[in-house]
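Okay, so subunit A shows up in both of these, paired with subunit B first and subunit C after.
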Partner chain A sequence: MRASLFTSPKDSFAASLDARVKLSMCFGGSVASIILSSPLSLGLLALSSAALALNASRLATVLKVYLLASLMMLSALGCSALIGLAVPGLMRWDALSLCAPFLRMLISINLLLVLAMSTPVQALFKRLQAMRLPAWLRIPISVAIRFVPVFLEDCAQIRDAVRLRPGKGLRGLWRGFAVPLIFRVLYSADDLAVAAELKGMGQAERTREKLPGLSRRDFTTLALAACLLAAAIILQSQGPQFRPTSM
Partner chain B sequence: MSEVMSPQRRGAPLRRVRDAALAVAPRPRWNTRELTTIGVFATVIKASAIMLAYMGGGMNPITLALKNCLYVTLMLVLLHKVPRLWTLPLAVGVTSLVSLLLMGQGILLAPAALAAALLGEAVIRALGGYGRTRALVAGILTAELSAKALGLGLSWLSMREQPGMLITAAVFICIGASGTVMGCFAGLRFMKELRHAGLIVH
Partner chain C sequence: MLHFSSVAYTYPHAPTPAVRDITFSLRPGEALLCTGRSGCGKSTLARLANGLAPHYLGGGMEGEVRTVGQNTRQSAPAQLAREAGTLFQDPESQFFALNVEDELGVALRWRGWEDAAVREAVSESAALLGIEDLLERPIFGLSEGQKQKTALAALLAAQPKLLVLDEPSANLDPESTAELARILLRLKEKGISLFIADHRLGWLSAVADRVLVLDAGRIAAEGPFALLRDAELRRRHGLRAPEVHDPRPVLPEAGEGDEAFFCCHELNFAYPKGKNIFTQAHFAFAPGRVTALLGENGVGKTTLARLLTGLERPQGGRVLAGGRVVKPRRLPRHAQVVLQNAGHQLRMHSARAELEDALPEGLAPGERRRDALAHLERYALQGLAERHPQSLSGGEKQRLAVACATVRKPRMLILDEPTSGLDGENMRRMADSMQQAARDGACLLVITHDLELMELACADKITLPS
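What follows is the complex of A and B.
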């Protein structure tokens, strides 16, 4: 199975890290980027996360994502500038106000790239299984991850049927595609449920894979991430202060 | 159940019988069929959002509204298919987790969506439980609109230095909310089709 809907895994430093470490970094980085506001602190986190993102995925992929995000941010900034013409107090043109939101978005994008591009879905699924999650959480997640190819195949079959007998307009789309697709999904859910019951999923505890511990590389990465976070906090409190200037 | 079978209730309308049947003592455990259905719908919701984005050439206002419409429609079908307590928070939690793992959704949006789903669950329980379509529609609307409000709050946290950009985010969230409202009507229409086909019995 592919690592995500967009890419395939490859051997790299980021790929060798445990999925739990990447999830922790993702969560910690997102929270830190919201708490911090100094461009220097955010810049430090953005640079270090960009290095990891470049390690996890190809340069072209990272650049494409950056380009898309920049377009989104620039269009938002353009709209804000237009609004600022009517209400001048809403738009600020100083370095702090322009940099901080961009840097926060950059940190989140980098960390999510690391998670999405270097973590095989099967690895995440194995970790979830080994973490002894309750059945009410484990079964839906495992079904959700494994059902993607089945659903795409169902869509292709219904699309072929629509091509054979095309409908017109919204009614055709509704009757020809949407309703049959949902019917098909409901039947597939029933089939899957019967199969899962026959295999004994959700019953008494069975022998499970033991959750492997973190490696030295994982601990080193976590320690490095903690040091970077501490440095960013020190920069925020002790470093040069940036204050927003009014227009 | 005795209330349903009693002679005094023989002439009760179908809806009251259905409500009484759904109000029997809640089962302590989820069964595999219910959990599988929740997992399948989580996939369908996310995969359809991606397909919509591809078809629309990215997330433009129309695909954004359609994505929300589809989400609410499918969630309404799911809540009718699995009418038991905590279905909404579990479905939202699984959907958020799948988004995070497969699509790289913002990691802080998942707790916000879960909190909103708990609020939606409270509304469903207050309005009579999972046996009433009206309660389900109100619950999903509450959950979705609260999630959008919380999302706007998170946007404010990350764009607090540039308040003008929050207005742009708010406009997009309003477009999404309009799709949510449209989804309620589409969901009700879907329910008619599914009841007609005998796939949903209440």
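What follows is the complex of A and C.
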């Protein structure tokens, strides 16, 4: 089984940042992408987060993830088009309303890539345990993070099983993956819940472990991220206003 | 330390109790071995002792269980776990941190221990089990023996008075099992009580003070360890042998004879950024023989199985079947492997459908059904034909996965720990069916730590160097 999501993150600026900084950027970026709607503001955040994502991971990885996101976006557009055919009055196609959700998704993807590709799970897990988060927030996050390597290992073993005994047709392929995966997910989740129960998770109010302080590089990055966020908010309120244009 | 008084327990939605009329006591520093057929209720007693039943699992309980003086009905599992630690068959399933040091301290931190006290307890229990050099290591890179020690050390760090061990030897090699026995003896001397549920008996001859034999949820026999030397009792309750001889020194090394059907030449393999596993290695497997693949953990036993079945691509060398070079992606047509976690390989809605799906194409529906039922019978699964494969027990899943692999009539069949968690009766049945598959013309390679299986089924061995 793998030791972490990405056992040896590449030596990069993003990898040298504390996990707390990256978590804060993820949180801040997600909130900003919900609040902001101006393509200029969202574009600024998307560009800057893309630069960091490229620093954290290989270009090929970023492109693969973008491709997947584009496919998801296209299938969403396809569904919208079908609804538009059935109820024409419901759909309004314009460049602006398509651009904003795409940029929002891009920001979230970039920031998650930074977190996932440059942070060993162990570091993330430890920070979450030691942060002064309330138990109702810390426990589900910790369980989810602990669950990821188990899930990936299950996926790898099921892929091997399908290669050994290929499914007959699409249905067989789907069955070969979906049925064992659903059961493994349930069993693994149950095992983790039992382990958490027996270890007394959530019994003490909070952990007593002390965290190391943030470095100068961490503070500088946080300050830069705050400046970018402020610039994006200013662009939204003071910058040019865009009118919807029909496609 | 542990007291069961007229206990009966029924799992939710189950028509009958899993255990009933259970009464026994365990004194401080005493070790009680609980054994019996698969599904006889051993694990249920362990779950009743640590409070998972009924608190976590639900279901109905009668009678009273007292664990280290606490009535388990009134105390939550987390509260009971402060005094009574539980070690499961697969220690990995109970890990919550990702490196050894954190794992040893995580439960203490969650219980609110101060940092200094956690550090002291962690280093004490690591020293007790001799794993100080592992503290910085990631959990998932450990061998099975190291994982078991880590899980045990994590329990001991909390200074329990009782340990509940559910099939602790199932994934261990004979050397690690012997070391576990020595550790348990030391714990007994420290006054810790042990409740051990296990199929494998030989390693516990010096540890267990008393034995409980369960059958269909009831206590069928109780007494000293010598009780297990009664062959009739063992046969009646499907038990394994109380003394196990190590056949490894006397098993001959498999030769490279002309009769080899399946072989690999000049095999080179290394994991990315990892050490070389195989360099210019040669292996040959003759049909009609069951060969044991031996070697320490991490020497590449499972990797060889994956290479032979095309799940990994070698960096150099070739695999031949019947004298012809076979590309890795075509290898599954000739070779099948049943991996340790058999549940991953089961996908259909019933055991019968699973076998029918595994059968080669081109059979008439009637023939398909007949073949499937014949294989279910061969692996003693006929009573479970319509059960969902994922609802079967670990041992039943294992047997079904092996049946699905043999039904495809591969020329090479590799089994990875096929008897882990199997009782004596099913272990012997597995040995018989392996020999039958070999008689049918397959090359059988078995990766196993089970000395009893080796003695019963294996004709020769391949030992991978450390």
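What we mean here is this: the second predicted complex is superposed on the first by the 148 of 247 C-alpha atoms of A that agree within 3 Å, B and C clash if a C-alpha of one lies under 4 Å from a C-alpha of the other, contacts with A are read in each partner's own complex, and residues count from 1 in each chain.
Here is the rule we use: a contact is a pair of C-beta atoms (placed from the backbone, for glycine too) under 8 Å apart; a residue touches a chain by one contact, two chains touch by 3 or more.
Everything quoted here is computed from the prediction, not taken from an experiment.
When the shared chain is aligned, subunit C comes close enough to touch A:164, but subunit B does not. In the overlay built on the shared chain, the residue A:185 is in contact with subunit B alone; subunit C does not reach it. In the superposed pair of complexes, A:56 makes contact with neither subunit B nor subunit C.
Partner contacting the larger number of subunit A residues, of subunit B and subunit C: B. Of the two partner chains placed by superposition, subunit B and subunit C are both touched by A:197. By the touch criterion stated above, A:97 is placed in contact with subunit B alone, subunit C being left untouched.
Within the superposed three-chain model, A:228 lies out of touch with both subunit B and subunit C [touch as defined at top]. In the superposition on chain A, A:176 makes contact with subunit C only, not with subunit B.
When the two structures are aligned on the shared chain, A:84 is found in touch with subunit B, with no touch to subunit C. Shared contact residues of subunit A, touching subunit B in one structure and subunit C in the other: 4, 121, 179, 183, 188, 192-194, 196-197, 201-202. Residues 1-4, 7-8, 121-122, 125-126, 129, 146, 149, 154, 157-158, 160-161, 163-168, 172, 175-176, 179-180, 183-184, 187-188, 191-205, 207-210 of subunit A touch subunit C in their complex. Of all the residues in subunit B, the ones that touch subunit A in their complex are 30-33, 35-44, 46-47, 50-51, 74, 77, 81, 90-91, 93-94, 97-98, 101-104, 106-108, 154, 157-165, 167-169, 171, 190, 193-194, 197, 199. Residues 4-5, 26-27, 30-31, 33-34, 37, 75-77, 79-81, 83-84, 87, 90-92, 96-98, 100-101, 104-105, 108, 112-113, 115-116, 121, 124, 135-137, 139-145, 147-148, 151-152, 155, 178-179, 182-183, 185-186, 188-190, 192-194, 196-197, 201-202, 244 of subunit A are the ones that touch subunit B when the two sit in their complex.
Across the complex, subunit C meets subunit A through its residues 50, 52, 56, 77-78, 81-82, 86, 92-99, 102, 106-107, 109-115, 118, 138-141, 273, 306, 309-311, 332, 336-337, 339, 341, 343-348, 357-358, 361, 390, 404, 408.
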